[in-house]
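Just below is one structure, and these are the notes that go with it.
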């Protein structure tokens, strides 16, 4: 298929649109950090970083890098006026205790019921690393996944059941992808929004799923 | 713009409802949010469960709530105080259920609720009346009791200062249960002596990050409690 | 018997003698707070109070009372230079987690193996209150009990087995009393020190126990 | 007079021993006590278990300890980093045991050790490989995994400033695991950028009370880590 696809920045912009003012948000390492670039400056949205920041701001100017002030991906960031620091116990109290409204993570696979696989390819020689992904998966009120719907090899990443090692069970509520937005959960996967130029049949073909158009749950 | 500061005590407690579980900060009078408790009385909500270290003394604070007949159950560590006559009378009359919890288990259970844990094995209370009927376990040769989180619909907290995002600092030993209760309740309501501009609180010294706070209200009389 | 007995201040002074420099100490409400009066000012000893103080100082002058700065007994205190404040979670981490070297508590009864009963008389009409006693009993590295060896009615409070409701099992290591100092524990009760004018036979008579002179364990 | 400040890195780590379990603060390089880790290398202790969020990168810190062959086991959440070649090589060669722990469970288990809890039921990891073989339980309709405390003989922590009683404050996101590790180890050793007189730290803003600290040492080069 040769359809129009959103690039990573366009997906990030689309995710940002669904983050309301006042939300406490954790952006996972990698792709999701782009979302921060599209949050409107006139909206108070609170970015939390697992390493002990609330009110995380954008990257500093070259001359103002402070390596004691980094994000979960170990990139230099800033702290907004009104932000604060805390230790890892308090940070994961926020994350595990249901205090984060939305987390945005990447994924290897998401199943139609919301299972998430994003920490391990399962390759026997891979060095495993999990970080805070499993805590966010169970702890955030809403888990958004941001990903291309297919791998470079063309395999669909929205699946009936994950084959990669799981990060969390039935935790994802929304997938923001290069071809559209999906809801997943107890009622299965639905199409919330399609990127212009796509049809429901296109998405059924890509996913191999009997997708229907769904409204917000 | 997010501004969690509300103008009146009435607005602060507007969402209260009958049957609510309410955490109330304070150790004796230090850190007890007396004005918010008065607002609860004015609001009229009843059949409340109160989670607090003590059960009130004198005629104000939790004691006034008990006197007004609004409390169904108290979960606390130390209800007996010099002037806890309102608690004593209601308890002896069978009008009030008491769940007595060792103070550290009270803290641990509140922290478990705030941090999303399902239960914790604590050594405190093992072999005593307060662990009767509870699950116990030998872990590495020591005995522990399984204790469950204490959740609450609301926390009423007293702090020294806060900003519009809800960041808080406390005053001396009036800090006590405030920070952990703020983490554990669905909705945390704070009375402060001072509302400060965003950025006025040192980000290294914020004790309660704003994520744990729903509303703040200035308590003009948020002074030190008078001598008991 | 009509022997010489230490008064509460003399017992407090005796307890203070056994608190080494650098110790982190929690003094229970009531009688044990007197111990603070006898800690030598030239020794750094750290008093912890369950309500969130470390480095607790003496009572303030009449004019300097601050009701936000109280001890566990809700009496006004001060904070030493170098002291600090913390919340109840951290306070009971100190107490339960084995970070307090010595706690001193009063007692209704202590058994020869170190069981402690000090929170409830067991009277059916009593209003129960436990506070932090059970946490200290299990959490402090050493639990010292400070008490008169007999009740006003003449009943011995050092017993074979407690009849009052327990605070903690096998937790007390030392009893400082008006007639002497005892060790209790797995080896039973021993007399460490007798107040002048007392004999081992006196103490055996009071306690009804086959006490022996013990050395420090 | 109690003065926990020692003069040299050598004195700071003098009690280390072969086979010790050592917590090391830091999230990547931020908050990693590089000078103390170098002192561990100089000390010679081996067969160590390291508890830390990461497993080192580049040629310094935990990476240098691995390179020197001193580590038997690493308990961490995220060993794979841009320059974690020393970990990668030792792990692939089977010279190093890895216990991978979700970051929040790592924090919770460290906190459980510090606070004397015997075990906690956490929702994190349920149904995943990292909970395989572990006890699980349905509590109020949600599934939890039983996780045990992680204790340590030593914690090596980096802080910004400390006084002779061991009170500490940290710097920005270099705080991370420092405060909870200080609570969990039998003996906590801290490198600070500044030793301040007693009373110089605001008692409201002390993050780690001195009770959790055994020794402090000034790290003259306790600057921000250089760009990775």
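A, B, C and D are the chain letters, set down in written order, and residue numbers restart from 1 in every chain.
Keep this in mind: a residue touches a chain if its C-beta (ideal position, glycine included) is under 8 Å from a C-beta of that chain, and two chains touch if they have at least 3 such contacts.
These numbers come from a predicted model, not from an experiment.
Two chain pairs, A-D and C-D, are compared here, and A-D has more C-beta pairs in contact (counted per touch definition above). If you average the CA atoms of chain A and of chain C, the two centres end up 55 Å from each other.
Centre-to-centre separation between chain A and chain D, using Cα means, comes to 29 Å.
Inter-chain centre distance (chain A to chain B, centres taken as mean C-alpha positions): 35 Å. Multi-chain contact residues of chain C, defined as those touching 2 or more other chains: 79, 85-86, 89, 92, 96, 138-139. Residue numbers of chain D whose C-beta contacts span two or more other chains: 108, 111, 115-117, 122-123, 170-172, 204, 207. Interfaces, counted as pairs of touching chains, are A-B, A-D, B-C, B-D, C-D. Chain D makes touch with chain C in their complex at residues 1-2, 111, 113-117, 163-165, 167, 183, 198-199, 201, 203-204, 206, 209-212. Against chain A, the residues of chain D that register as touching in their complex are 27-31, 53, 77-81, 84, 87-88, 91-92, 98, 100-105, 107-108, 110-111, 122-130, 170-180, 207, 224-228. Interface residues of chain C, counted against chain B in their complex, comprise 49-53, 65-70, 74, 79, 85-89, 91-92, 95-96, 120, 125, 127-135, 137-139, 165-169. Considering their complex, residues 108, 112, 115-123, 137, 139-140, 142, 144, 148, 169-172, 202, 204-205, 207 of chain D touch chain B. Residues of chain A that touch chain B in their complex: 21-22, 24, 44, 46, 48, 54-55, 79, 81-86, 89-90, 92-94, 96-100, 138-139.
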